[in-house]
Amino acid sequence: MKILPKLESKWRRLKKRVTRPSLVRKLDLVHESARKKAFQESCDTYKNQIENEYEIRNNLPKLSHGDREAFLSDGSFHQAVGRVLLVAEFFAMMPVKGVTGKHPSDLSFSWRNIRTCFSLLFIASSLANFGLSLFKVLNNPISFNSIKPIIFRGSVLLVLIVSLNLARQWPQLMMYWHTVEKGLPQYKTQLSKWKMGHTISMVMLLGMMLSFAEHILSMVSAINYASFCNRTADPIQNYFLRTNDEIFYVASYTTALALWGKFQNVYSTFIWNYMDMFVMIVSIGLAAKFRQLNDDLRNFKGMVSKCILKPSKWQRSNNFLQNMSPTYWSERRIQYRNICILCDKMDDAISLITMVSFSNNLYFICVQLLRSLNTMPSVAHAVYFYFSLIFLIGRTLAVSLYSSSVHDESRLTLRYLRCVPKESWCPEVKRFTEEVISDEVTLSGMKFFHLTRKLVLSVAGTIVTYELVLIQFHEDNDLWDCDQSYYS
Amino acid sequence: MKILPKLESKWRRLKKRVTRPSLVRKLDLVHESARKKAFQESCDTYKNQIENEYEIRNNLPKLSHGDREAFLSDGSFHQAVGRVLLVAEFFAMMPVKGVTGKHPSDLSFSWRNIRTCFSLLFIASSLANFGLSLFKVLNNPISFNSIKPIIFRGSVLLVLIVSLNLARQWPQLMMYWHTVEKGLPQYKTQLSKWKMGHTISMVMLLGMMLSFAEHILSMVSAINYASFCNRTADPIQNYFLRTNDEIFYVASYTTALALWGKFQNVYSTFIWNYMDMFVMIVSIGLAAKFRQLNDDLRNFKGMVSKCILKPSKWQRSNNFLQNMSPTYWSERRIQYRNICILCDKMDDAISLITMVSFSNNLYFICVQLLRSLNTMPSVAHAVYFYFSLIFLIGRTLAVSLYSSSVHDESRLTLRYLRCVPKESWCPEVKRFTEEVISDEVTLSGMKFFHLTRKLVLSVAGTIVTYELVLIQFHEDNDLWDCDQSYYS
Amino acid sequence: MKILPKLESKWRRLKKRVTRPSLVRKLDLVHESARKKAFQESCDTYKNQIENEYEIRNNLPKLSHGDREAFLSDGSFHQAVGRVLLVAEFFAMMPVKGVTGKHPSDLSFSWRNIRTCFSLLFIASSLANFGLSLFKVLNNPISFNSIKPIIFRGSVLLVLIVSLNLARQWPQLMMYWHTVEKGLPQYKTQLSKWKMGHTISMVMLLGMMLSFAEHILSMVSAINYASFCNRTADPIQNYFLRTNDEIFYVASYTTALALWGKFQNVYSTFIWNYMDMFVMIVSIGLAAKFRQLNDDLRNFKGMVSKCILKPSKWQRSNNFLQNMSPTYWSERRIQYRNICILCDKMDDAISLITMVSFSNNLYFICVQLLRSLNTMPSVAHAVYFYFSLIFLIGRTLAVSLYSSSVHDESRLTLRYLRCVPKESWCPEVKRFTEEVISDEVTLSGMKFFHLTRKLVLSVAGTIVTYELVLIQFHEDNDLWDCDQSYYS
Amino acid sequence: MKILPKLESKWRRLKKRVTRPSLVRKLDLVHESARKKAFQESCDTYKNQIENEYEIRNNLPKLSHGDREAFLSDGSFHQAVGRVLLVAEFFAMMPVKGVTGKHPSDLSFSWRNIRTCFSLLFIASSLANFGLSLFKVLNNPISFNSIKPIIFRGSVLLVLIVSLNLARQWPQLMMYWHTVEKGLPQYKTQLSKWKMGHTISMVMLLGMMLSFAEHILSMVSAINYASFCNRTADPIQNYFLRTNDEIFYVASYTTALALWGKFQNVYSTFIWNYMDMFVMIVSIGLAAKFRQLNDDLRNFKGMVSKCILKPSKWQRSNNFLQNMSPTYWSERRIQYRNICILCDKMDDAISLITMVSFSNNLYFICVQLLRSLNTMPSVAHAVYFYFSLIFLIGRTLAVSLYSSSVHDESRLTLRYLRCVPKESWCPEVKRFTEEVISDEVTLSGMKFFHLTRKLVLSVAGTIVTYELVLIQFHEDNDLWDCDQSYYS
């Protein structure tokens, strides 16, 4: 009966082999842990370093800024975009209630709201103004240059209508955005929470200020011009006759009409600038979400590559890594997917605005470059003209680069996926990688073109080509010709 | 001998472990079913909601429309396209027998059929007309503008011959289409069955009406013009002398020739419009098939993501899901593949028509935009001209967008595949995904260009570039110059 | 001790379960074979049908053609291209020995061979001619039009040198081609063997004949022209003075020089046409090899999809299929890979010729289209000019389409791989599919552009754009201006 | 108790079956080794051949060159680029200390270093010169041609500032480069180590010499020109007045200013040439690293495909292959990844220089081609002008081709991966292949465009298009017009 215990022991060994590869594996582990011990020190150094960095990041802005209010941001897009929409509402766009509320569920749209009524009223007013412009342009010879007022007012009108429609979808969009944000890995520091909101505020502020400066310069040069061609004795009347010639082409001068015209001009100019800024702000928001995910992946990559988690408990951590990884990657993939869907929804909602913004910029840069060949009649004109041209080109470049950053950030995920070590490589990581490779996550202009960095070059090439051809038709327009107007 | 039962019990346990992971798995299941119970309520709600929606959808059009005939559509492309082809046959195209038959097997083509004879006769007549136009154009100085009649009549002639060839293949194509449709997931509602046919009818009706309106306007302005340049005393003769100048360039006026010319004009205009509409209709058909598949995938996605099937019987349903999935996806993949092959076959059959249609539109838009620089001699001319230009641009845009929708719908499948949960992810889904990613399913112009949304922008860019260059050669043509004709 | 046999029997069952899934699997097989029996009849029908087709194909050309010599082709590229190279050798290109030999190992290149000497002599002669042309052009005002002789003679010279270099590599290339061909699946019919050689011969014959016709027409119109501007009394001398003005610009007239000039003209014209034809012929060869592979895949697909091999012995055939498949696909993949490598090698060898050919065609079409605006001085001129223009455009289109067919055929493989049923899907098929998707197998112009169907459109677009711009500089050249020459 | 040993023996067999598939596998192996024996002889031949080749390669340059110093290169980029940077430092760029040191850790940057001070001083001096140029240009009518001095000096200034910034990052970049190089497979021969450094030296030497030759020719033609338009009696003063007209536009002539202007000119010309060469040199370095990896893969491929390692010990080598392969491929993949990351880092560092270089070349080729339409006033001018034009085009082509070689080499890896035999195919090879396919490893111009061979064609197309349009505005500038200057 002695062989039975022998048999039994074989049993045990067999079972062991199935459950644990015993010796061979143990040797591997010994070898592995020996190899890992070298990383041990650098591991603690790395961790301490990261923790220090976090503390520094957390303390730094607290000390330098001090305004805790702005700092207690929760990093949500809804909160970051609140004041931007408030400004828009003041200029009769995006009539949504509750934009500064704490939670996106406070948002609502109603046709009977005072904001909506104001918006509708302004649309009607813009429509009238557009009609007057159209009437004046069609009654004069048409050229590439002379249709500028129609393009300008038509775009503004279109954006107004689109923004009204967008306002109706805004509460749902923000709710979806909120859901996606909840699912994302949490920000590590208060600073990173605060960053997106800060960038959005800065873009808005800078855009508004430059737009305001341009309008002031435009007024100065128009007053200068009006005083030269004084039709009447009243300089103010001259100014209004000039800047709102589409109105006084059909009506005689009254102060009310002049003020209406001025009001239209100011509001239109703002809306015309706002559409570019809005595309930028949405892009910043979307790119920030991808960056939030990428930051988490970078941290993970750092942990994996620079120090192995708890090498003293290598065997357990190894199991931990192997068990955790697929779930970890599956979660990240779903988060990435959600941001992609969010990106799609936002693109559907704003792609008409994007297309209007890009075609407008393309047209206006061509027109302005053509006008740059004219000799400037006065210093005021020259300053206004070059400021306006540089602002226009700068704004176009900014909107191109910010909107292409969504695509850039979405591709950056790939860089971290490439560095996943062989041991953590699993079907989920593979699926994630393939999805990142094959998806083209971008904002677009009605899907006709996608906003990537390569677009910038092709837009620039198009401008140069058109410009070279257009120059041939150019005749130096006498800006002192009082029968023509270049303000509208 | 006591150890033997022990040994035996170990045996059992070993066997158990192989066949069922027993305890561990059971715990998992308990945990899982606990997690799933939360979804239970929302599950029933979701199902009821969907069922309600179906009922609403089914009832809604029944009440509002009432014509049961049109409503009892079986959702097949053959049935939907029947009346469209009937109209084409009236205009000497696509001489196939049995286009309004219930089943595609009723379709047949024969050289001896009356339709075919009529078609051949008209081709001969068109050839004569084309010869006359060619003779007239070659005997005058050639310019970008003056070759318009040749382009027009040449395209019509080419499309006629291609459509005759297409008619021969039509029965086989429809049989293949029928086979593919049989294999697709069934429509859930009567409304979705009815939708494709309805869209096709609407496109056809609208196209025909606009085309008719344009022809009437063309006649009005031609009569206006002919009465101004009256060569003879007879206003009708003047009209015909003008609109068919290629005939009366070689022959003297007879009523028979005038009527023949008029008949040619009306038919050519229809065929010229019909080729765009035909491309649109085939695109609508193909896109609808992809949508049918996508709808099924969306339903599946909804079921999987929003509520788990019968959570009370979770274990069984889990097995069910795991067993069903590969087959389900394999079937969907083969269905997708079949639509792709169908798309390929249709593209081979109609790609020459597509290319003629696109190059025609490109050329005519360039010509018309150039002419828009002319001063219009009369209101009738202006109305006709701008109506015609807008119709042309609108039609080009419509054909571009409808045909690119095939590509868009085929890519949409990817969106649902991306959302397949980790548990259902299997090699079949992977294969399906990779095929959707790497295939470029589009209609094409002889494979030289593929019809996607990006094409629209490049066509627009080409038009602008050519236009800018062409403007340089433009001289204002006096439309009251009675020696030239702009009607053909 | 009774439990031991019990234990033993459990042993047996356990072993069975591991080696064969016994009952469950058997039931599956029964079910499967029942499902397959339905296909049985169609299977035999399909096989018989295919066999009949083969017989028909084999008999058909035997009866209709009768020349067994040409028919006993072994389907190799070396044999098919033999006579083409023989013609080239007559025109001082590709001085390789043994081009009409049975086996590529007969090929050899030697600097001392009479062919090589002739080739080198002609290169020297062409160089002198090119120098004379360059001298004449640089001593006259340079325009887009006037550099035509340099472009023409320069290209010919470049192609001559490249072809000499190609001749040195030709034996190795043909040996590699031979190796690849040996590895490919055998042709099923004599007809398919014969096809590639036949296409190559037809292309060569048609190209030569059209080129000859063009040269005759060119001579007729030149004689016509020379007789009008007779500088001397001798009409033959007039003709030579005109067609070789670059020689007589520096030297006075002698018959020897005139004959040398004529010889140069005839040879240059042939070489200028030959480079296009050579690119076509290599493309036909490469595309044929891909087609050979695709035909094999189509047969396999037909067998798999339409009838299952020997359903009565389903179990065995199933094993057979499962065992055979990976090997089958692995072989096909390696064959595909070999053709790709062959394609790469050929592209490296001829891509300079391809680039010269394409840029030449682009330039000459632009020049000829520009000249088409001139009024033709005589009917002989008009006939020559339009024949030449249509020949040029047709040749460019032919070379574009034939060379893009390599890419098209290489992509076609994907269509068959898509239809591999789930059961035969294995990592090898997956790898094959992924390689076909990601490889871009084309001929190229120095890798600067790849020859696909999309290139045709972009070339056409480029021609239109350049043409529209060039027209602006165009002045109607008086072709009766005897100081200028348009023959070279 | 007899059945127990029987049971035990069954145990053994069962265990055997699990660990080794015994008979079936043995038969396979016998069959396999029989198949492999055929390769045996060719195997030894192949190995001997390769070893001979190595010896030949190692001996060949030793005998022919002899300078052991240059030959004892360790193949690192740091060492290869040392002398290049030394030259740059002499011309006030890249003020890094220790560029000729043995190890990259010797590199350092300090603001207080003499090199940095010299660099900063020269930037200030260039800024002054740029200001003067800008002032002169803005005070004259602006045209495509007249802004050349601003473009020239502006680019130089920009490159100077970028290179200063690059100098700060250089030590870290070189350290990273060093780390990557250490990880790469070792060079097999001394010759391959020496190659990269040699190419870099040759490019630098040739570039410098041609640039110097161009400058001499420029001086000769300027002296020629200045002596014609002698404003003053002093020929040297005339020369300086002409070549530095932007200085003497605001200041009166002093020798100090003239020398400063000359110094600026010489240095600017060098820097303007250097930026192209720098892009080339970095490209050569990156491409060499990819080639190093590819060479290793080619050797591996050769071993695997042409002879099986030690076929006499097939079984063991088979295990060896199977065990080694994943690790081998994983290592190669990580090496490839590291070079990609290196490529990314270098691109971030130099992409602004790349963009300036490409846009400069594009602009200058357009300007020079336009000027080529002018009639040259003297032989000196003509020689200088055509030398300068050909140098410019050659340099642009060289920088395009060298920089696109990075992309070409990175894709070449795919060719070897395609040839991995079925037996070695493992998930790691698959992952490697997919990464090579989906990554686009190139240098770029600020990510706006990527440097591939296709870029060359699009740049050429752009130049032709712009040129055709620009020609229309061209008027023949009288180069003897002494009021204008073409030297700057």
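To keep things simple, chains are lettered A, B, C and D as they appear, and every chain counts its residues starting from 1.
Note that a residue touches a chain if its C-beta (ideal position, glycine included) is under 8 Å from a C-beta of that chain, and two chains touch if they have at least 3 such contacts.
Predicted model only: the values in this text are computed from it and were never measured.
The chains that touch both subunit C and subunit D are none; no such chain exists. The greatest centre-to-centre gap from subunit B, using C-alpha centroids, is found for D.
Where subunit B touches subunit C, the two copies mostly use different residue numbers: shared numbers make up under half of all numbers in play.
For the pair subunit A and subunit B, the distance between mean C-alpha positions equals 35 Å. In this assembly, the C-alpha centroid of subunit B lies 50 Å from the C-alpha centroid of subunit D. Within subunit C, contacts with two or more other chains are made by residues 4, 7, 434, 465, 469, 472.
Against subunit A, the residues of subunit D that register as touching in their complex are 4-5, 7-8, 11, 15, 326, 330, 337, 340, 427-428, 431, 434-435, 438, 446-449, 462, 465-466, 469-470, 472-473. Taken in their complex, subunit B has these residues touching subunit A: 3, 7, 10, 14, 408, 414, 418-419, 422, 425, 430, 433-434, 437, 453-454, 456-457, 461, 464-465, 468-469, 471-472.
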